[in-house]
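The next part holds the structures, each set out as structure tokens.
Two complexes are shown next, each including subunit A; its partner changes from subunit B in the first to subunit C in the second.
What follows is the complex of A and B.
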């Protein structure tokens, strides 16, 4: 029998949590993973700090994943590894998922799909750098894969471009393994990664952080020999006369993550410009009935704890999914809000206990998050500080807001009163 | 007066630490763990170290490990040297000690993933 209630695509933390929750809610579940074992990116995230919210412990990535994998196995959930989804077809009563693996090709059918496909790193091709194309230019995640899974140190003397968390973590990791990290260069005037990582990964090891600086050119034929660094103005344009050349054999990029939604797009799932992931309601169902999204495929998270949480929300909703009509109202992003999840409410489902995640679009102190309906303030929460790298999570009871289809719900931040 | 950022959790509280003889006053921390971190940072700073050890397995050439408890900050590179001097043989279970009582610190180096015995 190749038919299931729920098929989960992706075996990282979001997919594991979704499959576990759907199984606990009595659905028949299949999880499809393209790699040879479960755990997703956590397999190579050997640093600690995972699970502080959920387990109140500082676990490493493999330990955090291990807890879910143990539970997944103890529930007897079916999974396919080394299996790649090539196509998803919409059928009248569900979906047909085409896969390819060592056994050949196969088709599995289901009523609901949970997309837990994670995110991908922005690569060198997506940031504008002049010069040759030597080896030695790679993403922080690739460096992490080399060192933590393959046991190979890919550099002796390197420069890191971008102050994302993975870049900061890799600055420390490379230093511990004897590589010289000459500096982390960030084009923006503020760091992209968490403040604690600036301290424990850079300051602890005396690695300099250069804000408002970027790499403008690379040099080298076979292997990278040097990079050109320039200071940039507030519009991130290189400033004349600030160029300097830094000799190095590797340029490691930590310039952002983008939700992976190639499969979602083939199903007609609409994307949000704020999160770069699917538009979802409070049950993390996309605009396509029966297609759910969670984890970093939905929006890039900074804590895995919230990835698991969204997996559980999507898994529970997928298990309970019966095709019915939806009555939705959209959320509007007002001033100060860079991204918001969910982006809509289904008024036909529970709206009294909705988990909302948002990011501020600026670094600011003493702010309030305000939610208004048709111009009338309904909710306010104070924050001592808001920073774009730090996602905020709150639970809102929308049942008291007197919502109707067509209500205009606006989220915005303003100076705290 | 010393300014520092708490690294215990993602909140990353900015704290001010004042030392008057033996008395240390901490402000700016949202929770008790911040105060503990600040006092430790003034007296004996400690850190967690995560790394990998070599294995005899071709499918998994390295196995992730960490210290079982925080170690003094000035011992980080000495502990790394110990970690890089061992090779483990499959099978290893998550949580197994790979090095016991590293450098006499009372802290073990423990595996954070399992190394299956299948090759």
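What follows is the complex of A and C.
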């Protein structure tokens, strides 16, 4: 009774897409979500810009999620909300998922799991900010929760550290609510967010962006009173003599996202140092048979459209999953590649139409992505520019590459010829 | 006591700027120096370790203005005219444990704490180690109480519903040649100082027990009686049990003055009115010298010493399961300033603390140098240690005397005060034993007292759902569905547990108050996801708008009210 072909963990955009696709592919599906509503982080993303690739429309987060939730409901997919997965056990013929909710505890079994657990934000201490521990230091997502879901203003005069997209969005959002945003400070020499957000969220509102600057210290015994800002060198170390104190009552942090894979790790899923997510093959199956990963748990995406796409890939593969042997070859990240998904190919499955996502590790113009097999160039694609904040997506036909187990497949970028 | 000799030492340490005099059986230092560190150096030169004749620091430091003690924002007359039998000043581990032991008697007990919660300073800002006493010699109060205190931990924690684990400690050595010398040292500890369980183990045995430790260790001292506890959890438990048994607790209440007549405290002024206690117990931590001064009984001085600890992700908790430190024979002795590694009762790793003299009693700001220093040292014990696993760090300020021993005695010039001062490491370990002695002193000082026949030593803890089996969970959720609603995903804390914290004997309805009691926000996301939810639960519990919820102090506002025309969502 509690048995399904596929159980999806996480009801954000990745999980919704995975559940919908698995259901369309005739699997019995259960989705488990820990919050009280489906939609994940999109619930609090009331700005627009979602769905440009997928729907060729500018939707708000709740609108984008709403389209999937409607489809999810119309397909009659079962879901559990306000339900928290406490443990996943590996069984001989699948998995047993233990959950807790207001009704008590329960165990659900399945053949395949899709992990769509999203990501969390890096905190002040993880970027080594020192000083006191006042209130008024928020990650951007937390501030966004207060302002958009609870209707509470978390700041009057704030400094934003990090030019990640959420930080930029929050700069505009707080300005619109009457908060004075003194500036966005970014430790890197280039912005971390999408170019369009720099224009629409900062430039349009006259909010200054300070590159190669970081917050090193916070002051205030009760509420935040000021932050110390320093210029940093190319290794992001504070430069002596550049320190200044800026009075403010809030520090909003947008200093990176970390895929949440604590559940995955309990199953023995291996992690990739580049993406901080699981190592996956082209069907987004991890090294553990029957465990699939998608969305921001797999790797941090720049656009929700790709989150949904990876959910569909994982959902379809999970629905079709039958335990068979795997013959895999690993991809190698060569020079210029910060992250790459998938990280391996299963030669036993289709390899003629593989979606690959990568991020460059530097800002550069006129580059080529080169894929070589055992030292021989097999594929090349030109890019007018590559930037780390922007994820690149391409579809590659590996069937023409003559791959064998043990082939050395290297992805790298180089100056375009 | 040869004052001429001391005077000479002080003059040398201060280049002639500080003088020492013997006054009322105290060594009083006076003069003027350029920095706080110089004053500390002069006073330390005058002090004899563990001596009962204390150094009193009257040295002035050029251009130094001591920051006034931070006062609670609250000001009312709630306590005005109260006449408790016992007034305990300080809600740290000392004050809380004394209040609990005294609640075994039919006495009116009032505990005042200037902070908005218990264990806000040293008692909540230490590593939680229950020490074995290996570094302490006979003759000190620390040594006297540590053996008793350590032995009491199992029972006390059981009664109070606090987790305690006797995990054992390893002091690791790289120098094989030192083994005979250290063996002799351990023999002395065992047979002379009666720290009975210590033994030497080989490098091989050490690696069998803790495979992540540095492979170069040749041997280690093993102290199996070492344990760990949540220090603020224990303090809160003690205080709650005291309240359950009739003690009164007033948070946000600071002592500002005392009226003393004929060597007796007549009244004590606070920001909440003047009280008239029969006796006073000074458990005021870094401010115990000020309290003693108010009672005309200042015979010691405190020199604050801060220490910083880091907490690592639970994933790093898998590296080791005990308490460990490295002893490098080549480097100079002094205090154990590089700290250690400790696997906490919550399965995180704790790294630290360091030890830095400071003039600021309440400055708990952290500095990057502390973390760097401690990590450099601790990586020698366990190379897998990484700063990348840090989820948070915090600083506390210890309250040592210059003799580096505790002061646990009746007043010398004031007849109705008991001092529990100079408490620093291992003050957490000794607290249960010290509390029993202070209880005796207090009862004696008060004359006849009747036993409180209704005293219940047992405090039931708030259920920790994450540690339960599915069956146990289902049962408790059936009784209260709030236990089935997870609010903090990292630490797996339910709404039911949060409401239990708010309904506990001493309600501290702040984000930090809830966090210290049931841990939402203690995990790897540091409250990123749950803090808005917890804020909302507190607001609903109080029946107040969200903007009135605080992080800890009165001014620690979280939000400033609702947004433009917005109505609360969801």
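The rule is short, and it goes like this: the second predicted complex is superposed on the first by the 417 of 417 C-alpha atoms of A that agree within 3 Å, B and C clash if a C-alpha of one lies under 4 Å from a C-alpha of the other, contacts with A are read in each partner's own complex, and residues count from 1 in each chain.
Here is the rule we use: a contact is a pair of C-beta atoms (placed from the backbone, for glycine too) under 8 Å apart; a residue touches a chain by one contact, two chains touch by 3 or more.
All values reported here derive from a predicted model rather than from experimental measurement.
Enquirer: Examine A:130 and indicate which partner it touches, taking first as subunit B and second as subunit C; both and neither are also allowed.
Expert: In the superposition, A:130 contacts subunit C only.
Enquirer: Just subunit B (first), just subunit C (second), both, or neither: which does A:47 touch?
Expert: first
Enquirer: Touch test for A:148: subunit B only (first), subunit C only (second), both, or neither?
Expert: The answer is both, since A:148 touches subunit B and subunit C.
Enquirer: Who touches more of subunit A, subunit B or subunit C?
Expert: Residues of subunit A touched, subunit B against subunit C: more for C.
Enquirer: Counting only touches as set out at the top, which of subunit B and subunit C does A:98 meet: first, second, both, neither?
Expert: In the superposition, A:98 touches subunit C alone.
Enquirer: With both complexes overlaid on chain A, does A:75 touch subunit B (first), subunit C (second), both or neither?
Expert: Neither: A:75 stays clear of subunit B and subunit C.
Enquirer: Does subunit B (first) or subunit C (second) touch A:200, or do both, or does neither?
Expert: first
Enquirer: Name the contact category of A:139: first (subunit B only), second (subunit C only), both, or neither.
Expert: It touches subunit C, and subunit B stays clear.
Enquirer: Thinking of the overlay built on chain A, is A:26 touched by subunit B (first), by subunit C (second), by both, or by neither?
Expert: After superposition on chain A, A:26 lies in contact with neither partner.
Enquirer: Which parts of subunit A are in contact with subunit B and also with subunit C?
Expert: 147-151, 177
Enquirer: Name, in rising order, each residue of subunit A that touches subunit B in their complex.
Expert: 43, 46-49, 52, 58-63, 66, 147-151, 176-177, 194-196, 198-200, 204, 302-303, 390
Enquirer: Quick check: in the complex, which residue numbers of subunit C touch subunit A?
Expert: Touching subunit A: residues 70, 315, 364-368, 371, 387, 390-394, 465-466, 470-471, 473-474, 477-478, 481-482, 484-486, 489, 492, 511, 524-529, 531-532, 535-536, 546-547, 550-564, 566-570 of subunit C.
Enquirer: Considering only the defined contacts, which subunit B positions touch subunit A in the complex?
Expert: Contact set of subunit B toward subunit A: 4-10, 12, 14, 47-52, 54, 60-62, 64, 66, 73, 76-77, 80, 84, 94, 112-114.
Enquirer: Contact residues on subunit A for subunit C in the complex?
Expert: Per the stated touch rule, the residues are 34, 36-37, 82, 84, 86, 98, 100-105, 107, 120-121, 123-126, 128, 130-136, 139, 141-142, 145-156, 177-178, 217, 221-223, 265.
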